[in-house]
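Below are two complexes that have chain A in common, paired first with chain B and then with chain C.
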Partner chain A sequence: MIIPSFTHKMAAHCESGTITSLLNHAGLEISEPLVFGISSGIFFGYFHKMKSFTFPTFIVRNKPGQMRKNIEKRLGIRFSTYEFEDAAKGMAMLDHLLGQNIPTACQVDFFYMDYVPSWERVHINVHFMIVAGKEGNKYLISDVYFPQMVQLEAASLEKGRFAGGSMSPHGFLFHPNTIPPSIDYESAIKKGIKKACFNMLQIPIPFLGIKGMRLFAKRIVEWPKFARDTEHLSHEIMKINILLEDQGTGGAGFRFMYATFLQQAAEIIHQPQLKELSKQLMIIGDGWREISLFSARIGKNRDLGPDKLRKLSELIHDRADVEENFFRNLSKAIN
Partner chain B sequence: MSTPSKELLLEIKQMIMDTLGINDLAIEDIDDEKPLFGGDNALTLDSVDAIEIVMAIQRNYGVRITDQHIAREVVRSVNSIAQFITENRPG
Partner chain C sequence: MKEKEGFIDYPEQQMILYVEKEDGKYGPMQTGSYISANFMDDYVLKRKNLESELREQLSLGKISPIKYFMVLEDLTLSELSARARIRKSKVKKHLDPDHFGSVTADELTRYASVFNIPTTNLLQVLLINTGEQFESHLILENKAKNISINQTPTENPYVVLTKIEEKNK
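And then the complex of A and B:
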């Protein structure tokens, strides 16, 4: 059984893509970049020493789950959400929702998604996908990273939904419940942009936003201290490329997706200045892509001397400078 | 679907060789259709080479590939790169 009229679509990122797909199914025509921008998805954070991380790392988007919450608040949509301690109850609720023809988003540990080639599967407890039907003991999955719908054994889905560890999903499910008859997109877009500017420029935490970017630039030269050996350091440096380009970011750490949002927002709220800022952000994104390539290259060649890390630091400092200027201009444009 | 010209296919092969500093192969050794990654083409590239090629396409043809899922499809073979450039380059 596949839910009638559900259309599978690919998307750049699992959370924004899943939300977009469910809203489209519910009758709301909205693009993934608009969902990303309205929910203030763009962000930066650097974590040099945290108990939950074994090595310094960074993020380029807001925290998992926040996009849905922000979309709910800004568009006036209501989502039904469910969390479970008991796996059997969690699976029964999913079957119940499918029985009512409701395509439902699941939070899962990506590692148990057997439709993904084994060499690409890693433990990430915050992957989102949609269950859109069931045939026998297999669920029909709409995962935005795949060109077609895929099948997943019930046992694997259950393992993914009830995996343990940090940010454990607890069987989390959601689907849109009510969509208001009219939506004030202008207000939603402006609120989304204002919050993104606040997060990047003013959030009073030294490792978040532009401040976090500068901290990243300053501290990356210390990364060899944390590494077991050159192999470990090269792996961590190459991860910069993965985090920026290869984890559903839409390229350049979500900068390209946010630029597309600004381009679409310019049309909706009739503000041509946003189109110009969109072009600027595309160029800023190209700079992040240079960082991505530089990291991948020095990691691959095990060419990780202090001069190379200083160069990487300079490139990141440069992104902090241009992004600070960009978000100040964006903030002015929207006020 | 427009067909890429032979000149473009040659240009792309030259671009790949220049970008990746390959000098132990002749252009005619590179097959147009065989996969550039993990296949039996004369060239076998890795994910870092893929980013290099994506950026070279942007520099040389003014076409930005933003999304990594699209990038994977585009850099699959010389033909797929040529097809993408033919369909997307400005002007």
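And then the complex of A and C:
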């Protein structure tokens, strides 16, 4: 049976979409871009070498789990959260919550979600989706990346919830508990923007924020030495497109969704300057999209010589310059 | 990005893109994946080539089955060790075909669980005739014309039922 009155909705990103869907179900009308912006979701980080990645990579959002925590802090919403060492107890708690008609968000390893097409499946422990019912041995899943609700075998869900490795989910579950009768959106929006500007401009870590973007631009020309062969390099270069466009960003590495947030925020807090900045960010996003398309093209054509990687490096450097300027202006506008 | 520039007709993989609507407002639009729509054949080709190269190395005894799956599933040594809950030094040994023989049945089961395959598939490669040549059934894009292979787990963690049947029967 499916939890009554639960409505499945697609969204751009799994964490912001899951939070939005649960809050909407609990009676709070809030959009995904507002959730994303208030929780300071926009970010950049470059990882040249890390134990858990086989190849250099980058991220375009804040730390997984942080969106929920920031929404809780800034909107005054309380979420109930659960973690388990014992898988049987973790599955029993999920059934218990479903029995109380509570749609519940789960953190899982994406790889074990059988409803995901083979080409999309990767081991990543930070996928979020909502369990909204159970029929026999199958759970009804509202995964914001899919147009309709899907079914998942209990064994696969358990495997995904209790996968080991970095950022292991430990069966993590959450759902909204209390929502305050009135919310100070102005304060929440300003805090969200300030923190995003801090993360992009001032965080004192050389591979994060704008500094991370410049490091990415500098180091991408070294990628061939990490690759097994040309096909491997082609795959990793084409993954730039996937990370910016396909892996739940709403396009251009979340820049389009953040622009939407700024447009909505401008109306809520009556600050027209944010509307102007949202237009600028849309254009900046188009530049990221150019990087995505360029990466896909050179990857497909195996045209991965030093000149093409230098060109890619220049395009990323250019984004770092325009985004530094953008976030400085955004910071001034909000202070 | 304008709404009309963002639309991709690819029902197999849908996603949400934030775009500028005709009235100037920004908002979500459901569309298809650009990269999947345009480059899926290239992805499948690379995947098949990688699997075939690893299978050859596996058959020649140059790599162990653990290494074969670790590379296919894009896992690092640290990540595999943490997921299988087997010491890193031990996993390192199991990657080496000369030392793979020291692996225990329990360890094989743990690896198989991470790779999401039946334990028996760590000791065999199922090949299917795709019409042109024999290719691994692991690559789901490899489709056999007339048969289907279904592997069903049993209560015994070391045993899987492999059912090979003619399609449409």
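Going forward, the second predicted complex is superposed on the first by the 335 of 335 C-alpha atoms of A that agree within 3 Å, B and C clash if a C-alpha of one lies under 4 Å from a C-alpha of the other, contacts with A are read in each partner's own complex, and residues count from 1 in each chain.
Convention: contacts are C-beta pairs under 8 Å (C-beta built on N, C-alpha and C of every residue); 3 or more make two chains touch, one makes a residue touch a chain.
Keep in mind that what you see is a predicted model, and the values were worked out from it rather than measured.
Peer 1: Looking at the superposed three-chain arrangement on chain A, would you call chain B and chain C a clash or a fit?
Peer 2: clash
Peer 1: With both complexes overlaid on chain A, does A:Gln263 touch chain B (first), chain C (second), both or neither?
Peer 2: Second partner only.
Peer 1: When both complexes are superposed, which of chain B and chain C contacts more residues belonging to chain A?
Peer 2: It is C that touches the greater number of chain A residues.
Peer 1: For A:Arg78, using the defined touch cut-off, is the partner it touches chain B, chain C, both, or neither? Pick first, second, both or neither.
Peer 2: neither
Peer 1: Contact-wise, after the overlay, does A:Ala252 reach chain B, chain C, both or neither (first, second, both, neither)?
Peer 2: After superposition on chain A, A:Ala252 lies in contact with both partners, chain B and chain C.
Peer 1: Looking at A:Ala296, would you say it contacts chain B, chain C, both, or neither? Reply first, second, both or neither.
Peer 2: A:Ala296 contacts both chain B and chain C.
Peer 1: Taking the superposition as given, does A:Val122 touch the first partner, chain B, the second, chain C, both, or neither?
Peer 2: Second partner only.
Peer 1: Between chain B (first) and chain C (second), which, if any, makes contact with A:Tyr145: first, second, both or neither?
Peer 2: After superposition on chain A, A:Tyr145 lies in contact with both partners, chain B and chain C.
Peer 1: In the superposed model, identify the part of chain C that clashes with chain B, out of 5-13, 95-103, 131-139 or 149-157.
Peer 2: 5-13
Peer 1: Same chain A residues contacting chain B and chain C, which ones?
Peer 2: 10, 12, 145, 241, 245-246, 248, 250-252, 256-257, 260, 282, 285-286, 289, 292, 296, 300
Peer 1: Can you tell me which positions in chain B touch chain A when the two form their complex?
Peer 2: Within the complex, chain B contacts chain A at residues 46-48, 51-52, 54-55, 58, 64-69, 71.
Peer 1: Quick check: in the complex, which residue numbers of chain C touch chain A?
Peer 2: These residues of chain C touch chain A: 1, 6, 12-20, 25-28, 30, 33-36, 38-40, 42-44, 46-47, 49-50, 73-76, 78-79, 82-85, 113-114, 116, 139-141.
Peer 1: Across the complex, what residues on chain A touch chain B?
Peer 2: So the residues of chain A touching chain B come out as 10, 12, 145, 241, 245-246, 248-252, 256-257, 260, 282, 285-286, 289-290, 292-293, 296-297, 300.
Peer 1: Using the touch definition from the top, list the residues of chain A that touch chain C in their complex.
Peer 2: Residues in contact with chain C: 10-12, 17, 32-33, 51-54, 111-112, 117-120, 122-123, 144-147, 159, 163-166, 168, 231-232, 234-235, 238, 241-242, 245-246, 248, 250-252, 256-257, 259-260, 263, 278, 282, 285-286, 289, 292, 296, 299-300.
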